[in-house]
Each structure stands twice: as structure tokens, then as C-alpha cells.
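Structures for review follow.
There are two complexes below, and they share chain A, which is joined by chain B in the first and by chain C in the second.
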Partner chain A sequence: MNRQFFKIVSIFSGLLISVITFAQQRFPRPDFESDYKSPSILVPEPRHGWMEYMDVFILFIVLSLATWFVLKKRSRKGVLYLSLFTLIYFGFYRNGCICSIGAIQNVTLALVDPMYAISLTALAFFMLPLLFALFAGRVFCGGACPLGAIQDLIIIKPIELPIGIRKALGVIPYLYLGLSILFAATKTDFIICRYDPFVGIFRMDASFNMLVLGGSFLIIGMFVGRPYCRFLCPYGVLLNWTSSVSKKHLTITPSECIDCKLCERSCPMDAINKPVTEPVSRKKDINRFVLSVIIIPILMLAGGYIVSKSHVYLSKVNRTVSLAELLITHPELKADPDHIDIQTFLASGKTMDSLVQEATVIREQFRIGGWILGAFFGLSFGIMFSKKTIYRNRTDYEPDKGNCVSCGRCMDFCPVGKEDFETLMKLKS
Partner chain B sequence: MNKNLIYLILIVCGLAIAYIMVGGLFKNELKKTTKNPYEYDLGDINKIDPEMIKYKETKRIGLSFAEPKVVDYSSGYLAIGFENQLQMIDTSGREIFNKAVSGPITSLKLSKDNLIYLGCKNHIEKYNTNGDLIETWQEIDPSTYITSIALKDDYVFVANASGAVVLQYSLTGEILHSFDGKNRTDSKHGFIIPSPYFDLDVDSGGELWAANTGVQAIENYNLDGSLRAFWGASSYDLKGFIGCCNPAHFSILENDSFVTCEKGLVRIKIYLPSGELESVVATPDDFSANSIPPDLTSDEMNNIYILDISRKMIRKFERKETS
Partner chain C sequence: MNDRKENKAKSRRDFLQSTARYTLAISIGGIGGLVASKSKTGDYLWQIDPFVCTQCGRCADECVLTPSAVKCFHAFDLCGYCDLCGGYFKPGVMDLNTGGENQLCPTAAIKRNFVEDPFFEYTIDEDLCIGCGKCVKGCSSFGNGSLHLQINQDLCVNCNQCAIARMCPSDAITRVPASNPYKVKGDFIKSNT
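Presenting the complex of A and B:
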């Protein structure tokens, strides 16, 4: 294991060094000697085309290795070291950008706006983890996500959250996914990037608020495994869906479970399903399932109605809408030379009419988007509710295919197949 | 650790996250009236020590055609290139000729024998002192943007800003050689030309100098295109060049000193042949706000002629008398 591990580390170090060597700026940045304070950049500097493809290649290799470590080698250590590499490369070296989570917004914008050309890199970062999840579970979360990696490393004293809280917080990623798609589709904001809690840490330029945000997630992460992944990550929703139907998945035990219960408390993400043998009334069960299926369209309609009714409030996040409202309610602000947004608008030469017209179009997009978003919420809640009515008898401890992030901790806890365990069993026999 | 304490920590952190994310998203930032924290205040940089200004403006020649672009001096004559017009005047402002050309004129060079080499975007046209077209050289390629022409013995050097290369022509218009400024020993970069400002000139010793604007330097090249020497620095200080692509224009005086012009903050300065700042010709206050960087040239007496594009005039600057 050690020799193989060092081989892998050597290969990656070589790749990293070669990438750094070529990462020189196109031309030197002017040497400003004044006290001028430059605004912090929102996205890292663009890279040379082939280096972007190099990122895709590295992501592919990392995902492949993570799959190998999880399914074949069953090595927690391998996944851990891989996630450490991911943290350094995709986190600190690549400044957390480009990332698969944020790519949701690029894909959304590309779908709604024919003028927006999505880069192949962004598309690959969006698709690759989902494809791997379809065949091997959420190996991306386990080994290839820098946000997951930073949280995984700081789990100190994990506690088990009550199931009610887990279920309630588990709804947030669906809300966040829906809102981020709505805001991206209306060209309002890329909120996933704006509220990425760790990007400021990766770039070491976090504002106070972002430092508090990232710090809060890390503090929570000391006691609750991967809080961002479980209770906020919008990409986690998509990975959950694809991983639930994955062809293969991490297994706790390599062969037959001996029901030793050692793995029961091994998962800080509470993603291990315990054996269930409760007697189920088939008729009652079917009735509950049918009811839950009937209720889904009602939930979708209700959701659509409620969210579309909130479109006026939601659209205020859009700066064009917000500026139009401000200028209508406070026209005297046009004379305020210190109001940057208004002065920028006035300097652009646009008329008030065109601004209002633009804002009206955006607000209408929010209204239609509100219906779709609300229906999505209704559908998600309906499916979650109907899932509760389906009971499956389980005799072994199994990872929850949707929620398991393939970190491999449980495999480490399982004594089956381990040398000591086999010796003990032989002695016993 | 006490479980209650852990729960308390979790609740506090959870509330902080909710406050920052939900509060931040729906907070109307437009309502806030704040002074731009990133305002680019050039007030202090505009101020130049009056002791350094060793030139005074002595003459202004108004121009009669629209869109002046480039200027050059030789043997008592000034040739001015407009968008589609070529004009020759003497230093008193008397017109020798004017001629409509196909253009667009992007550079101009007057030879010692008063032949005019006109850079028209992607090709060179040659005119005599009467304004008659003598030759039209073959177009280079459609993307070419000729920004400067320099003459040395039997060679004509042409700066192509779009390709960031210098082309070496024979006097008959044959391309003999081209180079991109990459040094043999350090090929990290050659000419870095972020905008269409890429000037050339030849000193009294026949040495070719080029403005590598991306690195704010003036560089000396051998005929084979190898870098020989350079000077210049990116700096807010008067001694250096400000911004992304400066010096926008330069010209070599009779004493081999350099007169340079910067874009952005228009400063006209004199540097000794060694690259040491000698004096200031004109300050940003001498030009209109947001002026296009003026082309410039000099005569045998080291007087500077500046083509003030915004005000459509040629402004002559002479060295102040020293006691």
C-alpha cells in the first residue's frame, strides 16, 4: 500500500510542479507604488487553454483514483490522502475555481441564454462527478471536492444529530439548488459562488463576513460531519439522485456482515442505514404510498403558487430591478454624486424607460421561474414524503447510497477481512 | 465536552450562517450611499515638481483636417497624417501640400531626403515631397496594424502591433526579416503589446530602439532581432512609466536622448541615453482630460513637436533658457 501510495503522490507532485512552472502571467502586472487599494478579484485569473484541460484531466484522474480506493482497494487512507491533494490543488492552488458545485450556474445560464457560451471545462466539471456517481456513488465528495476535504479534515468530536433536525436541515439543499438556478437563469447572481464559505480561505482574501461564514461552517464541522455538504450543497442534491441509482457503491463490509455494530458509530455523516426488520402492514403501507403520490401534484401546485407570489420580493435581489425601484421611489438620488450605482447608470446613457422595461422583463422571469421553482420544491418534498412510506427490510448495516459521501471511514471500522480479525476467527474456531 | 455547550456553539454558528447568507442576499445594497472605496485618485500623481519642467511651449500650429493621427519632422518640414489625409507643412505652419490618401493612416516617417513612408494599417505607401505616390508595398496580412516606421541606412523597420513583431524591409519594399523580441537566453516573452502603441526609432549610431509597452521598457535590438540593451520601469514615480502600455510614443533626439509620451496620464519626458530621467517637457495639466496620447517628433535643435490630437494642433516646446 505504502509503495503504491508514494508512487501516486510522486506522479501528482510532478504534475503539480509542471503546472506551476507554466503558470506565469501573460505579461507582468504594473507595479503600483501608490497607496491605492485594489478591489479583491471575484474569480482567479484566466488560465491558458491547455491548463484548463489539465484541470479536467486531473479531476478525471482524482475521480478514478477515488473510485479505485473506495470500490477496489477499500482504503480510507487512500481516500484521505487523495482529498488532501484535492484540497491543496483544487482548493488552495486553483483558488476553489473552477468547481463542480458552482458549475451548476454556468450550465443553467447556458441552457437559458443562447448567447452565453459555457466553456468545455465548466461542462466537464459539472458532468464528470455526476457520471462517476452514476457508476460508483459519490466518490467526488469523498476524494475530489476541496470543500468536502476541508470539512473532512476537521471532524474532531462528531455527534449524532436527532433525526428530525437532520430531516429538516436536509430540505435546505433543495431550496438552495432551486434558488441558485433561478438566480442564474435570470442573470441575477451566482449565489453559490458568492456564498462559497471556503473560497475566501482558499484565496486567503476573505472579507469579514465570509470569514465568519467559513469559520462557522468549520466550527460546526468539528461536531457535525461535513455540514456544508449535508445541509447546503446544491450539487449534493444532484449527486444524491445519481448516486441513489448507482451501479456500484461503497460497501461497509467486503463480504458477509457479522453484525458486530462496530461501523454503527463510524459515520460522522449519519449515512449508515441500520438493519430494519419491523413488521409492516402491507395494506396500510400501500395506502400511505398512494396517498403520498396523490399529494405530490397538490404540493407542486401549492409550491408553485406560493413561490410565484413571492416573485416581487425575490426579484429585488436583481440589481436592475432594485435600481429601477430605487429610482422610482427616490428620484432625488439621481443628484447624489456619491451613489455609485446610480451614477454608473446615468453615465451609461440608458433612459429610465429602458431601465424600467428591463426590470419588468426580469420580474416576469421571476414570476414564471417562481412557478417552476415552487413546483420543484413541491415535487422534492413529495418524493421525500413518499420515500418515508416505503419500508425495506434490511438485515445488514448499509451505507445510504444517496447520502453517503464515500469517505471510507466505515470500511476502516469493519473488521471483516482484516488480518487481526481473521486470526481471531481462526483461533476461535 | 459538554453536549449542551456543543449544541449552543452549533446554534450560534448556525444563526451566523443564516444571518450572513439570507441577510446578505436580500439586503438592498443599492440603498447605501457610500463613497467609492476604489476611486482612482490621480490628483497627487498629476503634481510634478516645477523644477523638473525644463521646456516651455513656444508655438501652436492649428490643423485644418479632421482626425490627426501621426507626425514626423525632417529638414525643416513636418508631415502630418490624418485618418485619410496627408499634409506637409514647414515649421512656420505654411502648407507645402496636402493629399487625400486611401488610409487609414496609422504611422508615418519622413526620411532625410524628405521621402514620406506612410503606414496605412497593413501596408506601406511611399510619397515624394510633392505628395506624389511613388510606391505601394504589398499588404502584409489583414490583421496587421502598423504603428511605427523607422529608417536605418538601407533598411526600413516596421512595427506591427497586432502581431507584436518588427519587420525589416529593404528600401524597395521586400521583407527581409522579422523578429518578435524574444531574447535567445530568456525566451519567456518578447514584445508584449497590449494596445496599438508600439513605437520604433533609430539613434544617431544606427541602433534600433523599440518601445516594449507591456513591460514599460525601451529596448535596443540588433539587426538579427536579439535584445541588446533596455531601460525603463513600471512606476507611478516620475522616473518610470505608469500603467499597462507605456511609453505610447517616443522619439530620439539629436543628442541620443529620448523624448517619451505616456498614455493614460499624459506626461512628456526627456530621458538621457542611459535611461535616466532628465527633465519634463509637458505635464498632464498641459493636455485636456482623457487626451489620446499625442504622437511627437523633434528637430535638429532638440525642439519637441507634439501632435495634440484633442485640440487639433501641433505644439512646439523649446528648452527654457538657463542662467
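Presenting the complex of A and C:
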């Protein structure tokens, strides 16, 4: 009875104070008279640690196989089955996590934050595809990326996009890469992972908005080859750079190109360069190139200025900054019992000054980051422009080394070396 | 003459390409080496510190999984086995029975079993638990705080950036080494000091 009374009193006092306290064990553990034994707390084990290393190992194997299929075996079928495996393993089995695209943010955070130690798995996922791209082109996109695989498998009737649209949309990955690095470096958010349109499909569980986003990417992807890879993927920017100077690369034809034009429409990514023999005046060409190179520093400065000017808006994404702003502009919200963030902040005992100071530091990081980001934008656009001034005579159909994702479709279309074609040629001669 | 010019252009292009290639290789290697020097073997997982958690209820909504990978864990050695359990009953109930109208848990995930007069054992049905933390709030406010929220590492898909951690108002969710993936409440006194 006494015990019951004590409980009721404490409950009422708890209601009155209604503050969460972990002060002490209010009710000591009873001494049971029966032979009751309390069960022990169950802690389900996570996935085994060694399996993370198996992921790295499998990625390495898949990349090596993709390289072999593309360069040596010249087999579209091989790449297709490989991407199917990737979709099942890295996509549906591993739920799209860990992935190389998201690993950009881990590497950024590891470079910036001394407290954050990146796991070797994430580092390997970031490095391996880039190193392979330096050697063999974007074999990662073709065979080892689950996001690429899901889009590659649903291409039904790809249309050729006009070059203007392609160039304009091709700017987005640079912006996305820059922003995701800025947000990761300021410890604000991992936007690549949060707005990954396909991860919800891999998990078979997503919010409605993300499902709509993923679904629309898939529907568009039936008619526009790999829309995410071409017009959004931030890792694709890095792969584009490394791949465009790669040592070896997929070739459409195994030997001499016969200019049959069969491969022309085979590429769903519009990544095949047609032969050009434009008679251009070399002097004019060089002048234009020099001019565009001179413009680059101006573009970098302008970009840095513009982005750093908008750091106030960018920093609003950070939750500390937005909370501080909210409390300054709407101090009356402090009385709102339903505002979880404000109430938690007030209950934590932190002072307003320390919050504002924290927010100021983060905003300053955004200002400096804005300069770097804007300069990066300026540099990439400048390089993009100056590239346009370089004409190179091309007599054959060649894959664009930067944009080609090594899916291998064009190799199937090339008749050179195929049995039927060779016999036909023999008959003709 | 033309041939030589062509060759020269070609070798220049090759030279530029290989220079760019080695530069990129070195910079990737450099970044990798820089990062690797402070990298850790073994992975990270996300976990809630129950002593920082304020039971705001966001764990139930923000997790990418439905239902959430956050579950209520019960530290039995802390439990007072109360008849009037602050985690089980709504405040101010008249009858201490298992009637649905009395239960705090929205999904009736807590099972109340009679042990001996006047003690009851409370167990969590993880399949029903949605990680809302209502019981945790009740237990912490009125009882011993033996109920607490933890991320079930068997269910968690280990997102690169935990969607709940981002929204957690008290920053209770942090990365923990995979070798020590839980922060369960154990000995009440010890964990507090």
C-alpha cells in the first residue's frame, strides 16, 4: 500500500515538473520470491564487418570484369549481365548503400573534419572507379553502378537530344557536385544520398515524393538514355575528367572503321562523335582558344563573387543556422510547445549567444566555401567553353571518351569483324 | 611534310593526355593517401545515445524504413517491475489492466506479464514497435528509465547520412564504430557517472 502511494505521488510530481530527468533509479529492482529471472537485453548484431570488405572485393572484381568485357572481349552481353548482377547485388541486396557516388561526401567530410575518420570501405569505393577510369574509361558506369544499371536496363526507345539541350543540362552535374561538396564540408547534409532517386526503389520503401522522383526518372529514362547519369550524377563529373584522359578506352570498331554509319544511332547517350573534316583557319582557331583561356580567371572571380554573395541563402539549409535565424526573427516561437527544435534547444540549457556564435561560424564557412565553389563553377564552365573552340579532324566514328559510359551497345552494331559481314565482303570481292 | 606535322600534333596530344592522366592519378592518390592516413578499419553505424535522447518522436517518422529501424529496448536490470508502469499506462488511468484504452503505446507493442504480486514484467514486441518513444518518455519521466530507444542494427540499412540524425533536435544520433554498435542502458548508476 505504502509502495502504491509512493508511486502515485511520484507520478503526480512527475506530471507537475514534466521534465525528463535521469536522476536516479526511483524504484529499486524488487527481490523476487519466485524463481523469476529477468531476461537479458537483446542486441541484434549488425551485418558482419568482413562483409564490408567483401563489397570492396566484389566491386573490384566487377570493375575488372567490365574492363575485360569492354576492352578485350568486346561483349555487350557480358556488360549487360554484369550490370544485372550489379543491380541485384549493390542495388537490391545492399540497398544501394554503400555507393561510389555518395562516397564523395565521406571523402570531403574526412578532408575537412578532423573528428571524422572515414571507413576504408567508403574510401575504396571512391577511389577504385576513378582509377579504373584513368586506365579504361568509365567501366564503372557501364558495369558496376547500380544506378546506372537500373537506367540502362529500361532504355526502350532512346531519342537523340539536340546538342543545345544536352550542353545546357550537362551543366547541372557540376552545380550538383559543387553544392554537395559544400554541404558535406559544412557538415550540413549529404544531399547526394538524400536525393538519390533510385535508392527508394532499391529499398522498396520510400517517401511519396522520392518515389515520384524515382518513377519519373525511370519513365524519362525509357526515352532519354540514363538521364540521371548524364544530367545529374556528380560522380560522373569526376569520371568524365578521368575518363577523357584514360590510357585505353572502348572502341566502336575492332579494327578499321568503314564509315558505315551503323553505330550512329546505337548510342542512347549520344556519346558517339561523328567524323568531322571542317576546314578551319588555324590562326583564328588559336586566337579563339587563347581568348577563352584568358576568360577563365575572370569567370572564376565572377563565379566566386556571385556564389559567396548568396552564402546567406545557402547557409539556411544548415539546421543550426536556420534555428538561430528562426529564434531571432520569431522570438515568440519560444512559447510554442509544439515546436520540437526550439523546445529541445531551450531545454538543453544552451545560451542564445552560443547558438548564434555557432551559426556565425557556419555561415562564415559558407562564405569561404562560396568563393571556392564559385571559382570551381567558373573554371569548369571556362574549360567547357574553351573545349568548344578546339576542332579536331576526325575521320572515324569514335566514342566521346568523357561521356561514354562503356555500355558497349555500339560494339554490337559495328559489322567489322562479324562473321556474316566478313563473308559478305569476301563474296563481293 | 604534312605527315610530320600530323605526327607532331599527335605526339603533342599524347603528351598532354598522359600529363593530364598522371596529374589526375597523383591527385587522386594524394587525396586518397591524405584521407587514408586518418581512416579507420571497420565501418561506422548509427546509434542513439539514450542519455541525450529527448524522445521527441521523430525517430518514428524520419527513418527511411517503414516502420522505423529505431526500436524500444528494455534494460530489465533497471526495471522496477512496477504495477503502475509509466511506460505502459497512460497518465491518470483508473484501472491497471491491459485494456487498449489504458495503454500508452499506439501499437500495443508492450506486453505486460504478471510475475508475482505486485510485480509485472514488460517486454517489447519489436515487430509492432514503431520507435515513437512515447513509452520511453513515460518511463523516463515517471519510472526508472529502463525503456530506451536504440537503433536495431539488424534492421538499419546504415545510410551514409542517417535521415533521423539529420532531424534529431538533440543530436543524440551519432556514428559509432561497428565493433561496439549499441549504447544500451545497463547498470543505471554506472552509466550516469
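Criterion: the second predicted complex is superposed on the first by the 382 of 429 C-alpha atoms of A that agree within 3 Å, B and C clash if a C-alpha of one lies under 4 Å from a C-alpha of the other, contacts with A are read in each partner's own complex, and residues count from 1 in each chain.
Everything that follows uses one rule, which is that contacts are C-beta pairs under 8 Å (C-beta built on N, C-alpha and C of every residue); 3 or more make two chains touch, one makes a residue touch a chain.
It should be emphasised that the depicted structure is a prediction, and the values quoted were computed from it without experimental measurement.
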Exercise. Who does A:105 touch here: chain B (first), chain C (second), both, or neither?
Worked result: second
For this session: May I ask you to decide whether A:386 touches chain B, chain C, both, or neither, giving the answer as first, second, both or neither?
Result: neither
For this session: Report the partner of chain A that touches more of its residues: chain B or chain C.
Result: C
For this session: Could you tell me if A:318 is touching chain B, chain C, both of them or neither one (first, second, both, neither)?
Result: neither
Exercise. Who does A:253 touch here: chain B (first), chain C (second), both, or neither?
Worked result: neither
For this session: Please work out whether A:193 is in contact with chain B alone, chain C alone, both, or neither, and reply first, second, both or neither.
Result: second
For this session: Once the structures are superposed on A, label A:97 by its partner contacts, choosing first (chain B), second (chain C), both or neither.
Result: second
For this session: For A:157, decide between first (touching chain B), second (touching chain C), both and neither.
Result: first
For this session: With the two complexes superposed on chain A, say which partner A:341 touches: chain B (first), chain C (second), both, or neither.
Result: both
For this session: May I ask you to decide whether A:52 touches chain B, chain C, both, or neither, giving the answer as first, second, both or neither?
Result: second
For this session: Please write out, lowest number first, the residues of chain A touched by both chain B and chain C across the two complexes.
Result: 24, 26-28, 30, 32-34, 36, 38-39, 189, 319, 340-341
Exercise. Taking the complex as given, what residues does chain C use to touch chain A?
Worked result: 17-18, 20-21, 24-25, 28, 31-32, 34-36, 38-45, 51, 54-58, 64-66, 73-84, 86, 91, 115-116, 118-119, 121, 123, 137, 140-145, 150, 152-161, 163, 166, 169-170, 175, 178-179, 181-182, 184, 186, 188-189, 192
Exercise. Residues of chain A touching chain C in their complex?
Worked result: 3-4, 7-8, 10-11, 14-15, 18-22, 24-30, 32-34, 36, 38-47, 49, 52, 95, 97-98, 102-103, 105-107, 110-111, 114, 116-123, 126-127, 130-131, 134, 189-190, 193-194, 200, 203, 205-206, 241-242, 245-247, 319, 340-341, 343-345, 347-348
For this session: Using the touch rule from the top, collect the residues of chain B that touch chain A in their complex.
Result: 1, 3, 6, 9-10, 13-14, 16-17, 20-21, 24-26, 28, 30-31, 33-38, 40, 44-45, 188-189, 192, 194, 214-216, 233-237, 242-244
For this session: State the interface residues of chain A toward chain B in the complex, per the touch definition above.
Result: 24, 26-28, 30-34, 36-39, 157, 159, 189, 191, 195, 197, 209-210, 212-213, 216-217, 219-220, 223-224, 313, 316-317, 319, 322-323, 326, 333, 336, 338-342
